[in-house]
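What follows is a set of structures to go through.
One chain, chain A, appears in both complexes that follow, with chain B as partner in the first and chain C in the second.
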Partner chain A sequence: MPFLLRRLLRSLALLIGVSFLSFLLLDLAPGDYFDTMLLNPQISPATVAAIRSQYGLNRPLPQEYWSWIRSIGRGDWGYSLAYNLPAAPLIWQRARYTLLLSGTATALAWIAALALGIWSSARPHSWIAALVRTLEALLMAIPELVLALSLLLIAVWSGIAPAAGASSSISALQPRSLLDLARHLLLPCLSLALGLLPLLLLHVRSSMRQALDSPFVNAARAYGIRPARLLFRHALPVAANPLISLFGLSIGLLMSSSLVTETVFSWPGIGSLMVTAILDRDFFVVVDCTLLAAIFLLAGNFLADLLLFLQDPRVRAS
Partner chain B sequence: MRFLAVSANAFPLVLALLPFLSRTENGARFQTSSETHPPPAQFVAEPGIPGGTLVISSHSEPKTLNPLLAVDSSSRKITALLNADLIHINSATQQTEPALAESWSVSDSGRRYLLHLRHGLRFSDGSPFDADDVVFSFRAYLDDRVQSPQRDLLITAGKPIRVEKIDPYTVAFSLERPYAAAERLFDGLAMLPRHLLENQLQQGTLRSAWNLATAPQAIAGLGPFRVASYAPGQRIVLERNPYYWKSDSRGTRLPYLDRISVVFAANTDAEVMRFEQGETDLIENLDAQNFALLARRQNAGHYRAVDIGPGLEYDFLFFNQNAFPSEPFPHLFERQKWFRETQFRRAVSAAIDRDALIRLAYFGRADALATLVTPGNRRWTDPAIPRPVRSLENARRLLSSCGFSWASDHSLLDPARNPVRFAITVNAGKPQQVEMATLIQQDLKDIGIQVDLDQIEFHTFMDRIFSNYRYEAAIIALADGDADPNSEFNVLSSTGTAHLWQLKSAGPIPKWQAEIDQLLDKQLITQNYEERKAIYNRIQQVVWENMPMICLVSPHILAAAKNSVGNFHPAILGDPALWNADRLFLRP
Partner chain C sequence: MLSKALLAVLAALHIAVLFAGFFAPYDSHQQYREFSYAPPTPVHWIDSGGRLHLRPFVYRLVPKPEFAGYEEDRTRLFPLCFFCRTSGGDSLHLFEVSGPAHLFLAGTDAYGRDVLSRLLFGGRISLASGLLGAFIAVALGTAIGAIAGYYGKWLDESAMALAEIFLSVPWLYLLLVVRALLPPHIESGSIFVLLVAVLGVVGWARPARLVRGLVLSLKRRVYVTAARGFGASGFYLLRRHILPGAGPVIATQLAWYVPQFMLAEVTLSFFGLGVSEPAPSWGNMLAALQRAYVLQSCWWLFAPAIVIVLVFAGYRQIFARYAPGAPEL
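So, the complex of A and B:
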């Protein structure tokens, strides 16, 4: 219990730090959402000043920060200057799409990494292992943006899958939404999963290799234990610790890893909302998105710690 | 009715591989098969076929459905389809025409307007529309708590326009002083349903009304469409308003389309991809590069790409002539001596190769500009002003005439023998403006001026132009929402809020500026078109002679639609391809 409480208090302090820093940095950045209004001669500078004052943009930073903290308590999470709405519903609507995309991509990447990593480390001199190593190096070398753009170009040229959005323009009018959603998910999900795969593969392979080369596995092998049992019953639990930490990190990045992919594929998630909010200086939405990403990161780490605690008796003992 | 054609949403992530798609087979970058086709002065609509869903795209989602607050182009695109105004500016003719008001009259003093409303009109929820709704709408636009962007437009000589109900179908408007283009004020002012919004106006919560979380049933307008559904970050679907009042020449009720589905894309490149994939039927506000791609493939793609020539946007270079109490940053005081010299500005203009700007920055899809009135503004452009042509000889002559000279290494020296060097600040999110700045840098090198480029992010750019004035020269684009000269008032008047080169002045203004101010005031109250035209021609002449702003180019309006879209006739006013949305139809 003290372990849990300590972790929670530390997480809370971190979140306050992250949110205050976000506030400070955004406050220091030049301009605000109402800048574009200045260039519309229909609107006098006095009107723009009145609107700014109405939204409390001319208040001192601590006052603004305190008002935002209070709005968190109310469940509003501040106010979107662009949408004239409390920020919370705006963010939740999009967070679902981000979780769908990054959750599916992360699951796919883990399944592929575990299968390929375990296979190639069990047979390090086979042609499959060589192929996996080549694929890993190739994917590691391709930047995320180039990967996404390449998939996008393939989609445009071949028409195999929709190039943008989360559903077809008319799907709202037809009862085929799930299949349609799956088709739209294909490319962004593939792009994200292929971006994540080499890192996971590298870690799975090296952890498994280390475990398989350890003296106790060699001894077990000498005792004639079957290769499958050796691999899954003896080597895998030993290799699991670093992988659990990595799993926690990948859960933590669910909310923030898809920013580029979402923008390239016009995916209606939190990434594209955040990019627009940053460019528009939609103050509270940017802070909220940053905070949400930080919450996921802390939750991911916490989950990893918990799993390690349950899995490894040495951690429990310490 | 002008807004800056710089977008805060222009995400710098340009799909890097797409330029390959837009090049021609032999690698030439701008030649396309599509010629420029200026829109006809009169648009005769083809009788359409009712039914179908038109799918279009928008480079961002609307931020609000409340016409009182809509300022961004995406929100305005949607609210224009949902609402109607009393008097409307026809995008094809650029002149006013009856809309919700079937006729109007003006008093002899030019200060009182009497508008007669059409009978039997209904909002999209079936409620009747009458003079009470008009009075309510103007109360809402003028309310202090709403702070509508249109509010300032309805205040003349410091006093708000007075609105009075004469009878259920007649409304009187009184202005504090005569206003030449008063009837154009009514264009774009959506008439609102009193029965739905009066409580919110009284409670002071009208600013938060009709946002994207509002149920479609709670929104009603007098436009051709009404909201059917909204999917956050994906699309908004509009359905035909069954109570819309217009019919075609055969008596068929408009609009023809059953629905318009507006899908949101991350940027213009993504919009083009969706169009190419056949997901959308129509695309507007294309940039020249994407237009080249579509024009090249239009025969195979079963669509047509249309270039209707220059719109009302004008890109220009201007120098910082703001007055400062002390030196704001190194060398500006010294350099402002050059910037305030008319012959220097004219020399810079003469050295700029506008044809190269058009060829390289706009792939041939722009026109050279002498003043801020573009060739697209048919009623007000002055044909007597010559098209600017590059002349280095003329530039050198102008510089010599005001004491500039050249060092042995051909660099230009001012009368105090200081080398002439300045920086041009540009919004990095506008690639065409960055490219123009680079070309101007090369052009001015030919007369010995060293130009530095300062590419900055949009909000920093705005901060420098409007708040701290930390720049030497800048390139910007302004675009008129209306062709009338009054929309230039704030740019040209020395006290205007968009008088960008001198937002802060001290001491007497130059004679030519005083003349512009006087002429602007005069045209404001001159009712006769010929007289106003003569005044405005003189204003353009003074601008051309003194060049407070060095006008560069006016980009063309570019759009494309599938061949199945009927009555697709882009225009330069309003939303280029949707201005006649009620008459668009789909061929089987």
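So, the complex of A and C:
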């Protein structure tokens, strides 16, 4: 299986590239976390310099990069200066919530897109198909941020679901119960799913359309094969390839698709962690989040390759 | 039909934003502290006596006691003045009203600043960063892609490896990381230039890959070989014979990036990483909606959201015309 192996090695090489480039970029960035200390007249510049060297911030770039890579190997993922903790548990705490939100929303969006897309391409002249097309065009025109704000508005006006955070207890990261968590998840999840839906729907519809229009489907229909079998047994496997790639992409975007929605709904995910880390110049956290997002994206692409490999004999032959 | 209307709205918005000084009744920084969160001022044609006025007029707003909102003082009416220079300033305005009445057609924000005026002036930053950012990203991508595709060898390999690294970070993260290169708080004078530079750095990779692929195939055409036989230089060949063939792809990329980058500015400013107060931008105006009070009772502060949707949909429409298969409205 040289094809898959080649893909895997390439992803790994890219990952190293991403880690080095983002580390380099943030090393070039002016200022660090301890800059604000210099504003305090009671702390002398010498003290700040001592603290910096204590955290190893004054070493040359290759050395710093290497020690960061080693700390990833140890499972620490660098050190958050703002929280005074190893970065990994900090990020994991937040990444759980991001994955919960984006995972449910992505699953919902795929289910809806497949159902609506297959239905509307099976009956292209029905009013449901027209409705689906209108919905798709409408949602396509609304940016994620505006969509989230509108749902937030509905939440605040109607009071059907809590509008902010992930729990009703004081600590945002400690959900009271599963039900409480689900209630808080409702709106951000709906907003994100509606944001993801139009693109998925577009691809499901167009690839199904293409498959259903091809001659072999006509031939199968002429043989008298039942419409349901025609749709699911004959057309769907042919339409699947672009959808599998898209599925891989949407898995890859699990870590990043919800950033805006999280911020609007004060969801304690990775988005707010990253924004505050940028403002605080807490660079290990920024680099880690970026690396994590890149890992997901590359893993998603690899997953798509793997699925294509398993599904499509043409890929295996080439 | 709908798409034509959308394009007309898009054009009108651009003109209004370009000549914001003329269309906006107030300056974007002008504060009326006693009119914080005032709702849109109603414009009347019929006065309390039931008489019709040819020239529309407004009443003066009076704050109710204990911050209970505002009411109209019906004793005196203030006609709107079109093409006037009344409010002290020397610039010409499309419409305004002379004091002590105010004309807040889209209400005011927390500091009593006119939302309509801020919307128009803020559009300058939001729209221009979309347009200019897309232009820089696509120009940079075209240049790198053309050089990589034409000269090949190690130039090609290293440029494409770099592009692939850029493409393997989700673009919002890439935007945030490149933004982190800049100091956290930037004064509003220089933020625009820096923002556009950030967008250019974030967006070059995709057009570079596309253009490179095209150049690779175009440079093997017979007419290119013929021109090279006549002694044309590499740069001349690229400019005269190869890049024109990549024109449609470049145009599609531009049409895709403009709304994307407008949203990038809006998102960054919404996060508090872009244009900061007191300068207006659509993103930082939307940030006001994060307060529960505003969300509950100040519906007019949703105005930027509506404008963003219109612009976004309009540009996507342009993109759909270039790229068949894209969704049509």
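Simple rule for what comes next: the second predicted complex is superposed on the first by the 308 of 318 C-alpha atoms of A that agree within 3 Å, B and C clash if a C-alpha of one lies under 4 Å from a C-alpha of the other, contacts with A are read in each partner's own complex, and residues count from 1 in each chain.
Please note the rule applied: contacts are C-beta pairs under 8 Å (C-beta built on N, C-alpha and C of every residue); 3 or more make two chains touch, one makes a residue touch a chain.
What you see is a predicted model; the values in this text were computed from it and never measured.
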{"item": "Superposed partners chain B and chain C on chain A - clash or fit", "value": "clash"}
{"item": "A:253 touches, of chain B and chain C: first, second, both or neither?", "value": "second"}
{"item": "Partner chain(s) touched by A:129 [first = chain B, second = chain C, both, neither]", "value": "neither"}
{"item": "Touching partner for A:18 - first (chain B), second (chain C), both, neither", "value": "second"}
{"item": "Contacts of A:84 with chain B and chain C, given as first, second, both or neither", "value": "first"}
{"item": "Partner chain in contact with A:181 - chain B first, chain C second, else both or neither", "value": "neither"}
{"item": "Contacts of A:202 with chain B and chain C, given as first, second, both or neither", "value": "second"}
{"item": "Touching partner for A:51 - first (chain B), second (chain C), both, neither", "value": "first"}
{"item": "Touched partner set for A:31, first chain B, second chain C, both or neither", "value": "both"}
{"item": "Partner chain(s) touched by A:165 [first = chain B, second = chain C, both, neither]", "value": "first"}
{"item": "Chain B and chain C footprints on chain A, overlapping residues", "value": "29-31, 145, 149-150, 152-153, 156, 163, 260, 263-264, 275, 279-281"}
{"item": "Contact set on chain C toward chain A in their complex", "value": "161-162, 164-165, 168-170, 172-174, 176-184, 263, 266-267, 270-273, 286, 289-290, 292, 295-296, 302, 305, 308-309, 312-313, 316, 325, 327-329"}
{"item": "Sites on chain A touched by chain C in the complex", "value": "14-15, 17-18, 21-22, 25-26, 28-31, 136-137, 140-143, 145-146, 149-150, 152-153, 156-157, 163, 198, 202, 206, 252-253, 255-257, 259-260, 263-264, 274-275, 278-281, 283, 286-287, 289-290, 293-294, 296-298"}
{"item": "Sites on chain B touched by chain A in the complex", "value": "1-4, 6, 8-11, 13, 15-17, 53, 55, 60, 63-64, 66, 69, 71-72, 144, 147, 149-153, 207-208, 211-213, 229, 231-235, 237, 259, 261, 263-266, 270, 273-274, 276-277, 279-280, 458-460, 462-463, 466-467, 478, 487, 489-491, 496-498"}
{"item": "Residue ranges of chain A in contact with chain B within the complex", "value": "29-32, 35-45, 47, 50-51, 54, 82-85, 89-90, 93-94, 97, 145, 149-150, 152-153, 155-156, 159, 162-170, 172-173, 260, 263-264, 266, 268-269, 272-273, 275-276, 279-281"}
